[in-house]
Structures are given as structure tokens and as C-alpha cells.
Amino acid sequence: MLEFLQRTLDGWLEGSAYALVGLGLTLTFGTLRRLNLAYGATAMLAAYVGAWLYARQGLPAWGVALVVVGLAALIGLYVERLCFGAIGSGGSTQGHEGRGSATRVGGGFDGTEVVALASSFALWMQLEQLAVNLLPRHLNAFPDLAARTEWGFFGLYLRPDRLAVAALALLITLALTRWLMHTRGGLAWRAAATQRTAAGLVGIRVGQVQATAFLVACALSGVAAFAVLSLEGQITPMLGMWMLTKGLVAAMLGGLGSVRGVLLGGWLLGIVEAHAQAAFGAVGREFATYALLFLVLVASPAGRSGLLGRGGLRHAA
Amino acid sequence: MLQIEGLATAYGKIEALKGVDLSVQGGQVTCLLGPNGAGKTTLMMTVAGILKPKAGSIRFEGEELVGKSSADIVARGLALVPENRLVFPALTVRENLQAGAFRRRDRNAIRDDIDRMFVRFPRLKERVDQMAGTLSGGEQQMLAVARALMSRPRLLLMDEPSVGLAPLVVAEIFQIIRQLHSEGVSIFLVEQNAHMALKVAQQFYLMEQGRVTFSGTPGEMSSDDVIQRAYLGQRRAA
Amino acid sequence: MPLEQAVGLATDIAILSLLALSAYLVLLVGRISFGQQAYFALGAYASGMASTLAGWALAPSLLLGAAVGAVASGLLAWPTLRLSGLNYAVATLALAEMMRIALMRLHFIREVDGYTVGPQGAEGFRDIRWLLENDVSPGAFLLLCLAVLAAALLVLAWLRPRRLGLALRQVGHDEVLAASQGLPVLRLQLLAVAAAGALAALGGGLYAHRATYIEPALFDPMLGVHAVGYALIGGLGTALGPLLGVMFDIGLLEATKVFAGWRMVVFGGLVALFLRFRPRGLLDEATVHRIGAAWRHFRRTS
């Protein structure tokens, strides 16, 4: 029994990291109705630059943190301009342009959605290679903030640094939810997400609002990257793919676009993975991740996907 | 109040507005009639600042609106109730109204205005915390009007508020238009329902193929010939 | 470039084009699949096992692979096609990864002619040596690959103006509209998806015999995402679009080796820039229509 609880606890902690990773991705979808495939690569490039500065210039850990978060936002600006800003984001536009999404209920893609996807994929490739060229070795040092001790209580053990990451995930989720649901700015984000034209009509500067939301999401990716890497003390070229995959699964489990959802989704993912690993080994754990994702997708009622998915009327919180 | 001269808007190579001239007087209900595809919605969207014209001018109380963003135009006292209502589906009724007041900063007055909207539109009050996307067509239309009113516009633009609604609801909408008019709100109305429009408007324009082809009073509009053209875009065989 | 290298490059382009074509087929009916690499893998393993373990000739092995790809793709389409666009895309990715991980557990070893052959899980599947044992030259194999590709293209070109081809495109444009016009949307999508699975599997079979060694790690999501990318860049107007996408990446950039370790930096940037100004790809439907009109005009006036 104790083993079960310990595993659940470990899974929950790991899952909190997944949630942190997925926050920016789900926020992007919640506000722009777009999946940013370059998400992981953005954070990866920023983290690699941070690692480079750490190794070659002796930048202290807090400096690296600032660089990673700030640079992620900056790279996000580049990605946004190239992929999402100019091409236009989702949410229905009035039909006289001919392509309102009014008729696309279940399956067909709105043309711009697919293009943004392809475009962000292209930038993913670009950013990832830039990162890897910066530090060609497979394993590179990253500021190590891992805790040296473990806290014990009632026979269970947990590391304070991982608890800190979990607390961070929770905090950011609460802060974002508060922003989205209880402030004028957040209202603008949510309004612009599903009805651009009307948002413009009530005086919301849609372009600005969505660019800002995107930058915040990318900055969050930097926060997540720093948090996760500083607990490992090292960085590898797998980071980009890892962040995108884990973040996407956590977000989809909770309902893509929902900030509270990604927290729950991440927790679920972490806990399921922990138990799957114990039962089926590393390969089984990987399989369980995707099986869980697939089951949640297929078992959700039509139009509503994920734990907190509210179908087409999903709002970002 | 609103003076439009030589307005031309195009979608790529398609010229939707080919030089529109009209004026809207303050304190009146002005109605724009015309067949489908005449460019009425394009005109509304251009005035609201969503579409950018390639030529012409729009003067609102003396100030030029062309070149201004839709946010600025709302701030200057114009609000559009768009075709197809375009409520924010994922926001509640209350949030839709709050969004309508987005350009305003006077929190207490906004709250009072929301309460006043619920008095004017009691059905919205029943659904205050419901997602707007789940409302019926008529309720969404009420919401769209209320949302536009939240910005306390001096000129209210309405694009086909009665389309797709049941006759009873249509009557309600026009009753609200009459009410607003009696309260002093200036209204610029686009309609297909010429018969109802004749009962509320004081000035009419007819638009065909991107141009204004007729202007006049309700009496002048009543001549069958003109209404035929408004409905069908064709002259009746002489 | 030495001839041998050119032949190898052309073969790679042909094989990858089959994968890109399979992604294109799914896009044609309005869906995105990030999982075509799984059918590529299935085809590789199935045909590899047929030719090495069961001693089948190349052609039947490849056809077996294609059949496996079609059936698997079709079966998996049942629960997934009812998902909306993005959910469908993610579901295909999840399924593909599940299949790839399952392949890591595939152990099926036999003694054949004194050799121990067969897939050995994560360690891969070595010695798929049919081409070597039957003295098939690289040139001949290239011709085979080109023939398969040409056959696929011809079938698609033949279908294009016919009812089925038009129906498929209509579904791709607007599912709801197509359904309201009486088209059996789900069945049409199923057909396209199964055919896509077959195409990818054919490519996989060819790849397996060319490379003589395959392992699950090769068939990761990057492969599938690339395939979709090629189709989108080349344009969905015709089946030649995905080929163009492949040729641009592999042919132009890889071959010229101009950008050495920066190929993706250049390619990625170019693609993003390109899509900003030509979101529908190189050979999008409008362009194809214009080319067609110009061609007909030319024929009439000459």
C-alpha cells in the first residue's frame, strides 16, 4: 500500500512538471485556436542559449532563468509574426470573406489552421537545429538546482525541489485562471479567441491581444524548461520533442485550451505513467501514455474532448 | 450625423462598394434596403472599421473615420450589431455585455447599465450566466443589441436584425428599435424586411450593386415599384 | 555527383514521395494524419518478414505489406474518423506511437539458410537481403520504385475527374456540405485513409529492402510530420504536389550539401516564409486550375 502511495505521489509530482510544460501550449490553443508545433523547440533554443551562457560565460543560475524565459518570449515573437499573426488565428470570421467556419462542424479544416500547423512545424525544425548546432554534444550542463535531501513523512518520501515545481504549476494555473476569468484583459483574450470580428466590433485590438497571449505562452514554455532542466542539471537534444509531446498529451487529456484542464491532465498522465512503469516497465509506460491519450480522445462524447473539454464552446480556463 | 461620400471597398478584385453616398440624421431611424449581394453588410463593416475602404470618406459628427481602427470607432460613439449576431459563444450573457462595454472604464456605471439591459431584455436576465452560444436565435439577437448598447453609442448600426427569426421575435426586435428611437438613440438600420422597416424608419436608402440608387421618405418608398426592386433587384415589367 | 549517389538519391526521393502521397490522400479528404509513419513501418516489417522468413518474391511481399497497411489503417479509422480535425490528428499520432512501441516487442526469429533472421524488437530487423540475393542492381530497383510511384500517380490522375475523385475532394472541402448533398462522407474518408495506409506501406516495403535493416526507432513521429509538411508545401492541387515538397527538401537541399549542418535552419525558415505568402502550397488548386486552363487554351489555338 505504501509503495502504491509513493508511486502515486511520485507520479503526481512528475505530472505537475508535465502540466507546467503544457500550460503555454494549452494557453496558445485557448486564445488563438492554434496548435503551436514550434512550442518545444522555442523553449529548447532558449534553454540551449542559457546553457551556453552558463558553460562559456559562467552566468549564474538566476541569470540563466531570466535568459531562458525572456529569450523564449522573444523567439515566440518571431514564431508569431511568421506563423500565426500574419496568417490569422482561429475563431469564426464573418462569412463575407467566403470562408466563415460556420459550416465546419465536425471535421473539415479551416484553411488557415492547417497552414499555421505546417508553418509552425517548419519553424520547429529550424529552431531545433539552431539549438543543436549551438552545443553539439549530446549531453550539456545546465544549472543544477536539484535538492540534495528528501523529506519524509508518514513513510513517504518527496524531494522539495519537485514539490516546488508542483507548487509553481499550481500557482501559475491559478494566476492564469484568475486573469482569464476575472479581469478585463482576460475577457478580451477569451472574446478574441472564438469570435474575432465581434471582438473588433466591441473595441478589442485583436491582433495585439493575441500576440500578447502568444508571447506569454512562450514565456511560460521557458519557465517550464528552466524548471525541468534545473532539476536534471543537464540538457539534451530530446528536450524539444519531449516538451511538445508531454505538454500536448497533458493538455489534450484535460481538454486542449483549458488552463485548469492541463493541470488535471498532467496529474493524470504522471500518475498513470508511474503505475504503468511499475507494472510494465519503461516500454509499457510509454505505451500507456499514448493509450491513455487515445482512450480519452475516443471515449469523449462528440465535440467534447478531455476532462474539462466543453466542446466547441471551450473557453481558455 | 453620419456622412458617407464616395465610399469604395473591394475584396481583392471584387468591388463591393462602388462609390456610396448617403447621410444619416441624428435622432432618426435611417433604413438601408437592398437585395442580397448589394453590399449592405460590406458598408456596415466598413463604417465600423472592420473593413478598410480603398476610397471615400466617412464623417461622424464632423470627424473622419476612415483610417481609424474599429476600437477607435467604438470609442467615438458608434456601435454595430452585426449580421448573424456574432455573440461570443464561449462567454456568458453577462460577459458578453461586459465585453460590449470594453472601451469604457467607469465600472459602476457599467454595472448599472448591465442591470438596465436586464430590465429592457428580461429574457437575457433569465440566462445571465448561460453561455451565449446556447441561446436561441432571438435571444442572441437581443444579446447582440444589448451588447452594442453597452458602449452607450450615439449612433447604433444594425445589420439585418430580423433575419432568420420567427415573426413574433421580429416584432419584438422592431418594438425595441422603436423604443430606442423614442429614447433619442440614432439608428442606422440595414433590413430586408421592407414592410416592417417602413413602420419604424423616417429616411430610406436603396442600395443595388454597390451603389445607392434611391433615397426618400416612407411615403416615397411605398410605391410598389421601389419595393419590388428592393426585394428582387429587378424592375417589374412595365 | 557520381551516378551511384544520384541513383540512391532518386530512390530515396521516390520512396519518401510514396509516404508524402499517403499523407496527401488523407489531407485530400480534409484530415491531417500524423501517423502515416506507422503504416510505413508496418509495410516495412510485413514485406521484410515475407521475403526473408517465408521466402516470398519481392512483388508479393510488397503487396502483402500494402494489404497490411490498408487493413490496419482502415480498421483504426473506424473509431477515429468521428473525431474532429485536431483531435483526429493527435489520435493518429497516439496510435502510431503505440504501434511503434508494439514493434519494439516484436520478436520473430527463424533459421533460414543458416542465417538467424527476423525482427528482434528494439534491436531491429537485420538482413532483409532479397535484393542482394537476387542480384537486383540499384538502377533496377530505382526503376521499380519509380514504377510504383508512377502507378500510384496514374491511378490518382485517372480518378481525379471521375465521380470518386470529385467526391473525395468535395468531402475535403466541407464535410457538412458534402454530407448534406448525400455523399457518404465517412465511407469516402475510410476509403482514402485505407488507400493512404496501403501507399505508405508500399513505401515502407521498398525502404526495408533498400536499407536491408529497419528498427522501430526509425519510424518516429518526425517522419510522419515531415510527410504532412511535404504535402502541404507542394500543394494539394494535384498528386504531384507532395513530390515537389519531397524534391525540394531532399533533392535540392540535401543533394547540394550547400548548407551542411544548417539544412533544417534554411529549409524551415524558407518553408515558413513561403507559406506566409503562398499558404496553399506551390501547386494549389487555383494554380492547377490556371495551368489547366492555359493548357486547354494552348491546345485550342495551336
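Think of it as A, B and C in the order they're written, each chain with its own count starting at 1.
As a working rule, contacts are C-beta pairs under 8 Å (C-beta built on N, C-alpha and C of every residue); 3 or more make two chains touch, one makes a residue touch a chain.
Just so it is clear, the structure is predicted and the values come from calculations on it, not from any experiment.
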Hey, which chain ends up farthest from chain B, C-alpha centres compared? C
If you average the C-alpha positions per chain, which one ends up nearest the average over all of them? A
Where the CA atoms of chain A average out and where those of chain C average out, how many Å apart are those spots? 30
Interchain centroid distance [CA atoms averaged], chain B/chain C, Å: 52
In angstrom, rounded to a whole number, how far apart do the mean CA points of chain A and chain B lie? 41
Help me check something: in the complex, which residues belonging to chain A touch chain C? 35, 37, 82-83, 86-87, 103-109, 111-115, 117-130, 133, 241, 248, 252, 256, 283, 286-287, 290-291, 293-294, 297-298, 302-303, 305
Chain A contact footprint on chain C (complex, rising order): 27, 30-32, 79-88, 90-91, 94-95, 97-98, 101-102, 104-105, 172-177, 189, 221-222, 225, 228-229, 232-233, 261-265, 267-273, 275-276, 279-280
So, in the complex, the side of chain B touching chain A is made of residues 11, 41-42, 45, 48-50, 69-71, 74-75, 79-80, 82-84, 86-91, 95, 98-100, 102-103, 131, 133-134, 147-148, 151
Touching chain B in the complex, chain A uses residues 92, 94-97, 102, 184, 187-188, 190-191, 193-195, 197-205, 310, 312-315
